[in-house]
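Per-chain residue numbering starts at 1, and chain names A, B and C are given in the order in which the chains are listed.
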């Protein structure tokens, strides 16, 4: 295996991120990083169906919620450990993604968008009203913290490393897929669907695959969230999370591998530093979304390249 | 009859009250170059669309290499070996030429999730094959110098070539070209036609839709003539050019290319 | 998002009648009437949305906000300028139409020029607009729900044994009038014909001299106006709050799919149908899951009849 410059960057990146908790003493900042990693799982998946295939899964938080509740209920009601709850939640979310994908991806575009919202609506109503299952608006608390052997993942630092490992894994998985024929098929479908079909790519199957991966990752993120925050309620299903996902992906750089993570980093930290303007947070997000799409359609991650190429041209 | 390389049987396509293709039947033998001609609106592109699964047949059947392809979706038909190009140029705009061709090789690629994730030897082998094949196609179509140019930045003629290149990557046994020289100058036309002849030498059977009569007469083994969705004549270029019905149809219609 | 409370009619659902059989019948009728009235309002909102989509290929996620603004502005006018509801109704519709016009001119038109995938970017931009309006409204009006004082007496109108609130009746009448007006203007006026031509084939329409930009502008403004009418009409009936648009737009999308995307008449019929279905679901099955029925219908339609219940098979 050739060791190229990109490999060196990866190693540096991993080392930096691994050492971060040692350098950062503030518990609160570590907490924000954990949220960044959880969001990263969400947006990496969302980016597959949105950035690569080009379909807008506007009800994506439904799968996050399914992951949360499935994992919480499995560990609380059946007594399974987190390490069983996590894959279980991932699979269940992926399964629902499969069902909705099969139904809605046949027609794609606007139908898909609306179908995903409708599914979200259904899930939201179920979470609110099926009280015997989900405790309704009260929510579920006391969700068990993961543990290995005797060691409890009780500190934020524990979760930092746990989620970081999974994010790295998700990135590796995504990179492998995207540089494979499957990734080429994703691009083909996005760039010119009839052309893709004419060379043997089934847009329907390819889109469904991307969607299943996206929803499974959302479920995984949900499981992590539930066992980290240890309390979930119907509020996790709110549309504002969907908006955050959109902003992160669109402005971070949809259709790139690391763009969404960059977006997650920026847009998880940004609101924290905008805390003084708490009430203005969402309208500002709205404005940012609009301006971002109009002026930076390829996302912030392309900004360095843009600046670089302008600078090179000027010479 | 059953063993014909390709046969279209009584293809009929109706939209609303309009019959675009009316009981069209013809056969293609392996290694032939056949042209489908007719005045504008005669139903040629609709016939293409139906053969490749982009439009549904109202009636009729399509048989290829002993298999019944009727009702199949485009990607399935492509996987069986029938690949097409489009009347209005279709490329992957934001993708480099070389990558476009690799994307076309989807059919032969290793798509198993496990193989990809574990970097199995089979996967590596297939990827190598695809790389080599893309190189071959680049050289063959003369696009080698433009290998890293984004498809949207190619000239019109180059994009047309790229279309054929991508179709080739899908290893067609039967290639359907929809107006391949449309909008090209005589020089480009000539070299494209040379390309198509070379393709036949490689064993690919070709079905063309074309308006340029010089090209058609020059390159075709047989010609099928359509008018108002019906086949009105079929035969060698010599036979067809003397056919009264064909002459009538063309005097009444126009000879312009569709773009 | 509290389930069910939003569109629960404030009318008595049970009528005291001596004969039991007749009672069931009358309750059913009452539910249907309720459903039709609410359905009419739904129809207004959905018709605008489907027209914007059908003509401009833009999924307008800010549509609910036009509805909300229609109500909010009307409320503001009755509180500050002149308490006459009818004036507020007309004024707020006009104002929201201007807002819609500006949104189209400043944002959507610009997107058209860049030629990006209009569907996705249009969706994202309108989502941004939606967020912006929602939260600005929250800042300006506060989160306490508002109720516009009704200009009618609270004594309900009696049609046989069925009771209908006067404001409801007025809303229904205006709804029908507005629908007829919109339908007429699309069919008969020059601009309406230009709209239909653009709907059929944009390129051909521009070739024969139709000013596409003006058609788009008009379409979007009209859609906003229809939504605002619905919002202002509901002002005295239900409470208005800044996030109201979110739930409304969901319903509107359900109806748009039911009626077939781009199908004006289908949206009208779908609106009535959904209104009645929800009303009956609420009464006979469960009030909380009333909203659910719409979502399930959409998914079923996608499986069996993607072109909508009434839509012709429009090529996607």
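A few comments on the model shown:
What we mean here is this: a contact is a pair of C-beta atoms (placed from the backbone, for glycine too) under 8 Å apart; a residue touches a chain by one contact, two chains touch by 3 or more.
Note that the structure is a prediction, hence the values are computed from the model and not measured.
Any chain bridging subunit A and subunit B, meaning touching each of them, is missing here; the list is empty.
Chain closest to the overall centre, judged by the mean of its C-alpha atoms against the mean of all protein C-alpha atoms: A. Highest C-beta contact pair count among chain pairs: A-C.
With centres set at the average Cα position, the gap from subunit A to subunit B is 41 Å. A separation of 33 Å divides the Cα centre of subunit A from that of subunit C.
Spacing of subunit B relative to subunit C, judged by their CA centroids, is 48 angstrom. Across the complex, subunit B meets subunit A through its residues 52, 54, 73-76, 78-79, 83-86, 90-95, 99, 102-107, 109-111, 113, 116-117, 123, 127, 130, 166-167, 169-170. Those residues of subunit A whose C-beta lies close enough to touch subunit C in the complex are 54, 56, 58, 100, 103-104, 106-111, 113-115, 117-119, 121-122, 124-125, 128-129, 239, 243, 246, 250, 279-280, 282-283, 285-290, 293-294, 297.
Across the interface of their complex, subunit B is touched by residues 173, 176-177, 180-182, 184-185, 187-188, 191-192, 194-203 of subunit A. Listing the residues of subunit C that touch subunit A in their complex gives 1, 3, 53, 59, 107, 110-111, 114, 116-117, 119-121, 123-125, 127-132, 134-136, 138-139, 246, 250, 253-254, 256-257, 261, 288-289, 291-292, 294-296, 298-299, 302-303, 306, 316.
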